[in-house]
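Across the two complexes that follow, chain A remains constant while its partner is chain B and subsequently chain C.
Entry: the complex of A and B
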């Protein structure tokens, strides 16, 4: 039983890590809070669902389509609504972003309810069979979501370490003005990183759509998990989001089983509060 | 001169604005409908509530309204939150021209709204808010056509004992409805010697695997798992129970007939076969003529059959219209007084409100519970097999 709980916690934790990573980009590169992050999870879920049900795409195309679609929407949102933060030198960029992204959250939810209706959607199972891992039976969908999430996180970590663009993002995270002086185009990197952050959320939504379903408000809980991962892992740290996501997934699963299932979500919240109190920089963030 | 002229114009404009509206207000009777129409409330069901009330009001207005006046619907969204529900109720009732309110859904919200309705003296009718406390408070202004938790538990347990079940699990959302239902079921079942495992979960939970694993680890294993929720977990639990190997050995039993919702088969898939569905309607239950009419009208207008709670809600709108006619007034206090003497041929029975103490206060007790079983994939609700009584 313990092993089964660990494996399940690991699988869900990797999806949390993917969600949290998107926020790492937004807060690190754009230096803002994004309340609408969970809505891109929802949009990604719907894109995967309709790609498969309306256009008959297989899941291995539907998920990239969802990522591409949410990248595009994220980039457009940045260009239209968030770019004034760096083009017009807004005095209170954090408050501006708070209000703007909260308005986006409401807009996307209402629009989704209007367009897609209130009922739940579920794409056909990506992997319809159960798999056995170390003697533990686990759904193929869950294994796939965990593996693909891990691949995306690790792939992105490699990209950021080795590529010029990745170096530029790290430079912005370390010193905004310093990066500008070094020739980094803040405007361009902002929309790209915003698009990428949204694509990561979209990927998470698309991957778990057959497990956790899709409906207009399904982004609410993943948004909270993303912030918990960000707080526990630390600002600007990809390793942090990976470790924090896994920690959160495993702790929640074990806590719900051994302590009380009623407080499953509270466990993650308590973890976040403890980190904020005693280690506010998170596991791998800088003080 | 100029100032005088300006004041005259303002006075005349205000008179034009006020007088016609005042006259028009006398030509309508206002009925309030408050339901969850946005998240985190169960707005799926809220939409069905509003559609049902709209249909009833359309029919009444097509026949000339009540007391020669058109019925005007005043809608409000409680978003499934008590604080929002209270504000919505206050805003709805403050002008003092609403005769009654219907459509309330979440018990936790209705419990808060009941205090407002009672204070403002406007009758509030409940069609499917199950918490015993809603009528156990003995408010003069709360009326319930639908069932309540301890009634449902007392109707469900005879089925469980007849089938010989010795051990059951109840998995429930930690809300007024879920906790109340679980407590009622535990009390009734344990009194009959049935062992009950109770597993709570937060209402908005999407992943119930820890809870199901907890049940799976129990000894003796549960033979039936009763699901008490209105949120996404009602779909997640059957799927995850099958995935984790708890079901189908442990039968899945719902607490209400959400299996009729259009998304049920898409989301639950073949895991839905074998589900036990307690319901207050059945082919064995002869619908009254009003019930047959409502079923046809709803299906024709909205393209799907109404769930059972829609019948109770439709009854409520008609009962309010009937009370207004008998009171010869739309004044809420007079309507409330007339509700006491209600004897109405509803959709599923003759509706009267009883007062016997406890939650049986301004409560209709004419419900009959059937237990149905889904026997085939994508089976229509009218084809479910009735296995009890």
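Entry: the complex of A and C
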């Protein structure tokens, strides 16, 4: 039983890490608090569902379609709404960009409810059979979403580490003005990174759509999880978000089983608050 | 208080007292809902607009106030009037505790901590269903028994709203208000002028939350039911929206905003479910993008022009 909980938590945790990484990324590069992050998860889920049910795409095409769609929406949102008003100052309490993303959260949620209706949608199972790993039975969808999440996170980490564009992103994270002086085109990198962060959320939504289903309010819980990952892992740390996501997933699964499933969502919150109070820089973040 | 604030308070009092005999019975309930939102929004305006703390967990305080009052009335038979006071006190003390915690965090970590607090309150209310009734809600006694209880409840709501408004207006023009604004605008500069910013942050936070708690207790006894949705994310969206489209950090903003939001959402209720929040989110996006100050900015820009027009009409020279 214990081993099954651990493996289940690991698979969920990797998806949390993917969501959290998007948030870490957008917070680092754009210095923005994105409340609409969970809504891109929802949009990704709907895109995967409709591209499979309406156009009959197989799942290995549906997930990239969802990623591309959310990338476009994220980039458009950044260009039209966020870049004109936000000030790159995360300590600023009167930051209107935060309020804007909050308005976007309501907008996307209510739009989805109006367009798609308040129904629970379930795409066809990606891998319909159960798999056996070290004697534990676990659904194929879960394994697939965990593995794909892990590979996306690792791929992005490699890209940020090695490529010139990734170097530019790291420069913006460290010093906004310094990056500007060294010739990083901040306006362009902003919309690319916003789109990319949204695409990560969309990928997570598309991957877990057959497990957790899709409905207009389904972005609420992943949004909370990704903020917990951000707070625990630390700002601007990819390793941190990976470790924090796995930690959160395993702790929650164990807590739901051994303590109380009613308080499952409270466990992550308490962890987040404790981290914010006693180690504000997170596990791997710098002060 | 300035002259225009006294005028607005007096006219609201007169109109509010006349309203039950002018408008249909049904609208008395809507006006009470308006009073509830106005109080909570004024509270959030004190927390965010005056003190500059973006609290994302403000709706937890109506839930605390409402459940405190309703539970006390149920289990020890406390009068609802004392319950309103105790609800405000309970929310205020919780506000002091949370305020002391959020002194340690800045910027958007503050958003996260207050949000986490609101969610934990919500989860606790839902999970302890044996005491609180869970998602089904908890029945509270009305202010007055009898056929006219709704009408009396409305008058109580009106009185509480005017009280909140007067206090927020007095605070705006007082020395304490200046301390709060200084803390909001530049914490370090305020500190160097000898203002105890830690004290004023906690004060601003707890003070705004206490009003919210009072509003929650009023809500519980007016509708004789309190359920976890008054502490939900949609409610926080509404409060945020009310203050943004009314005008952040102004005295009249929350009143104007809540009047607009409550009345408009009532007028379009019958059409499609969930349409009102969709329209409001578009209004909010446009407001944040183009008119940061909300209604108050529009009024401030237009009012000198109207005054000149008016003076021209009555044949007096322009005011300088």
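Assume the second predicted complex is superposed on the first by the 277 of 287 C-alpha atoms of A that agree within 3 Å, B and C clash if a C-alpha of one lies under 4 Å from a C-alpha of the other, contacts with A are read in each partner's own complex, and residues count from 1 in each chain.
Just so we're on the same page, a contact is a pair of C-beta atoms (placed from the backbone, for glycine too) under 8 Å apart; a residue touches a chain by one contact, two chains touch by 3 or more.
Please read these numbers as outputs of a predicted model, since none were measured by experiment.
With chain A as the common reference, the superposed partners chain B and chain C clash.
Contacts of A:103 after superposition: chain C is touched, whereas chain B is not reached. When the two complexes are overlaid on their common chain A, residue A:154 makes contact with neither chain B nor chain C. Contacts of A:33 after superposition: chain C is touched, whereas chain B is not reached. Looking at the shared chain after the overlay, A:3 reaches neither chain B nor chain C. Touch criterion met: A:113 reaches chain B and chain C at once.
Legend: residue contacts after superposition of the two complexes on their common chain; A:280 is shown touching chain C, with no touch to chain B.
Look at A:130: by the touch rule set out above, it reaches chain B but stays clear of chain C. When the shared chain is aligned, chain B and chain C each come close enough to touch A:220.
Within the superposed three-chain model, A:265 lies in touch with chain B and with chain C [touch as defined at top]. Mapped onto the common chain A, chain C and chain B collide along 133-141, the only clashing stretch among 115-123, 133-141, 169-177 or 187-195.
For the contact definition in use here, the residues of chain A common to its chain B contact set and its chain C contact set are 110, 113, 118, 220, 260, 262-263, 265. Remark: chain C residues 52-54, 101, 104-113, 115-117, 119-120, 123-124, 126-127, 184, 233, 237, 240-241, 244, 248, 272-275, 277-278, 280-282, 284-285, 288-289, 292 touch chain A in the complex.
Interface residues of chain A facing chain C in the complex, by the touch rule stated above, are 33, 81, 84-85, 90-94, 96, 98-100, 102-107, 110-111, 113-114, 118, 220, 224, 227, 231, 260, 262-263, 265-266, 269-270, 272-273, 276-277, 280. Taken in their complex, chain B has these residues touching chain A: 38-40, 43-44, 47, 174, 199-202, 204-207, 209-211, 213-214, 217, 232, 235-236, 243-245, 261-263, 266-267, 269.
Those residues of chain A whose C-beta lies close enough to touch chain B in the complex are 1, 4-5, 8, 12, 109-110, 113, 118-122, 130, 137, 139, 211-213, 215-218, 220-221, 252-253, 256-257, 260-265.
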